[in-house]
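Take a look at this one; I'll ask things after.
Naming follows writing order (A, B, C and D), and every chain is counted from residue 1.
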């Protein structure tokens, strides 16, 4: 995939309402995330936000997106079900989806997981250490055996998700919890990566290792089979002709 | 689990409308399935059907069910969304769910999988050979390295499901297809088993090996953690107190 | 499995040489482990130790063992290769194997994993919190969402093992590390469980939750297919007759 | 990975002894396999064979190999254990390994799997249909929902391997068997792909889809973490300093 088409989606509400968020991400979280990708040579990046028409994700925009990143938190309920339908279908047809931090409770992620996606959480300014547990995975490239995030909101187990296809990172938290922080899933023709770190009041999306992981994840999630045989939410295929003779 | 409480759910429409089905399953598919379990010492079995109040699955019935078996085909759309909500929540709280054959397209299964669950299919009276690929799994017990089903409807790959936690059976079909026929999933506190063989016009639920597998599956899917800590679709848990001191 | 035949194997060297170990486990670690199983109704338990003939595991002893527990540390190299051969073959034929703590570096475990099984470690008297990440798994039964071990030797990631079939526990350590502490593997007809906690100078095998987990693990690892079709390290099977006509 | 360094290893005995093999692969299987990779733009390819010094794989050769392909059949026992040690260590340090067809019984594969790797087999000139079951996987790219191989030696389940990290292909055989034909494993820092099709008397390594899969597999197996932190078969790491204060 020489030129992956990326869309960074952001709820973009906190930034408008809370000075504490705006001071960290003056142009919005999506802009900081997009800049991080560009630093790593992923340049075909556009952004979309909740309050645009069709939640910023009309069918045409999705049709031109290879990998979608999703950041949401305070307004999950405002995402239209029709938007969720389109995202789900596009993932099953091959689009990569990278779900960030509080996006664990977003409608598209819950729809695609089929579970509650609930977890334990705490805001206490503690620090996190993210350990690599699958060093052969492309998403783990370039961050060493572990890296630290100085100040975070804690997410803890049990995290109610399906068993990941690949578990890449496990986080340690100062306050005594652990979390499966980097989880890969295959769904239909598409690939999904959930990445825990990231918050609206901490400058996490400027951190070197975080940007490395997100760039790795975009490259991993880019469609492998180039949408050659999409099936999406379609009905089953009636095989009228047998492939072999049946006596 | 000494006395597993089982509910066999059947759509129970084909039997009322089609003589070809009634001649094979005069009392309904659910009765044949329940009898198979009883042969294997699973005796606390009741049945429920689509056209009963609350689709036969009011909250009280689910609260007394450890393992639910689901057979549906022609009327998936008639299952109320509220019923699907209750089944999903109960599975996440620990109930086992065994989805049979055409139940791959049922609402509860699609909800819990998050994918289209589409597949290839053909009705040509061909035969099927079910191979064990995880012989250490309790569901594979007692059926040898493979068993045959004389006449079946074919289901073929690609089967659009999440990667199973355990793949127990792969089927060979005379007409040239293969299928992941026995798939285990963990979701929340609950366990799910999808089992492919079974059809309304073939006497498959009377077959010895099929009954063995269903009994094995009920025992495997029975709740491990005895509903001691249910969370269902609940919100995340706010950990107000850290477990360790945070400087 | 009504009456699982268990053998608890212990290197039994530390206890003879180090007073600090003898004061905690006066009769040997194997006796404390066996007692814990008996508390949970697993009564058909015998023990074996390294310095007995055939390392305590002659063919006849293995032939009467359904589940083998393995504790070793200072004398891994003294286990004969022929013993490792017998254990590997018996596992592939269906025997359960539960590898404890420093057994990660034992010859049978490394043989069955195919990797180095290396890890990070530290002896600093810190405490550990073991989190359940697969609450639907039978091995997680009865210990709540997490439990603590007051004083431990730390084991940290990266732990060089194959991806587990089921990841049941993840540990948090006071000193800043995490570890996949409860890992299930299927190999041949047999099941393997690695369980991290346990040490020769800490009274961990007397702890309530540890004993619960070990009893759960023995029941999970007991052979599912009752050695009906063993193949062990045998050659491939030449299928002289096709199962279907070949034109 | 812009320029993956590939070594194609071939036993190269059949070709010298059997005219039936030489007529299909006059220069050896390794040459046909290498040519297939070059067609797909993987040009940094050399070959090695069993009867060269150090089995063609001295330490220096492995140190310059990113991905090793392995074809062996009649002389598995002639591969020196020291060669197996070097290959295993290099894989754990990050080298990709692609094991072809009868290589399922090779020493390096059995060492890295820890199981017998036995299977059922039959030589009857039947045909095979290889189905994609994980269409989102990069190795499945470009071959459609399935492809056929006109004449093959059959390999059938049960195939005694650890559960693959990713199951990409399942084969259907005319004679009534199925097989997990494309299996991915992560071991240490390295990735392993087992690919079933391929035989010394059938022109399988000239087939378009086979060459596509092998090229995909080389790109997938190329080291992700560029050998930055190799650990191989080394001892555990003693963490003398805690990462966090311990009271």
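Here are some notes:
One rule holds in what follows: a residue touches a chain if its C-beta (ideal position, glycine included) is under 8 Å from a C-beta of that chain, and two chains touch if they have at least 3 such contacts.
All values derive from a computational prediction rather than experimental measurement.
With respect to chain B, maximal separation of chain centres occurs for D (centres as means of Cα atoms).
Two copies of one sequence, chain B and chain D, touch each other mainly through matching residues, since over half of the numbers at the interface are common to both. Averaged C-alpha coordinates give centres for chain B and chain C that are 32 Å from one another. Between chain B and chain D, the centres computed from C-alpha atoms are 37 Å apart. Counting partners per residue, chain B has 129, 134-135, 145, 156, 158, 163, 165-166, 174, 176-177, 186-188, 243-244 as the residues that reach two or more other chains. Interface residues of chain A facing chain C in the complex, by the touch rule stated above, are 129, 131-135, 145-146, 156-159, 163, 166-167, 170-173, 176-178, 180. Against chain C, the residues of chain B that register as touching in their complex are 94, 129, 134-138, 140-142, 144-145, 165-166, 174, 186-191, 223-226, 228-229, 243-244.
The touching residues of chain D, counted against chain C in their complex, run 88, 92, 105, 111-116, 118-122, 124-126, 154, 156, 158, 160, 162-163, 165, 174-177, 185-188, 231-240, 242-244, 246-247.
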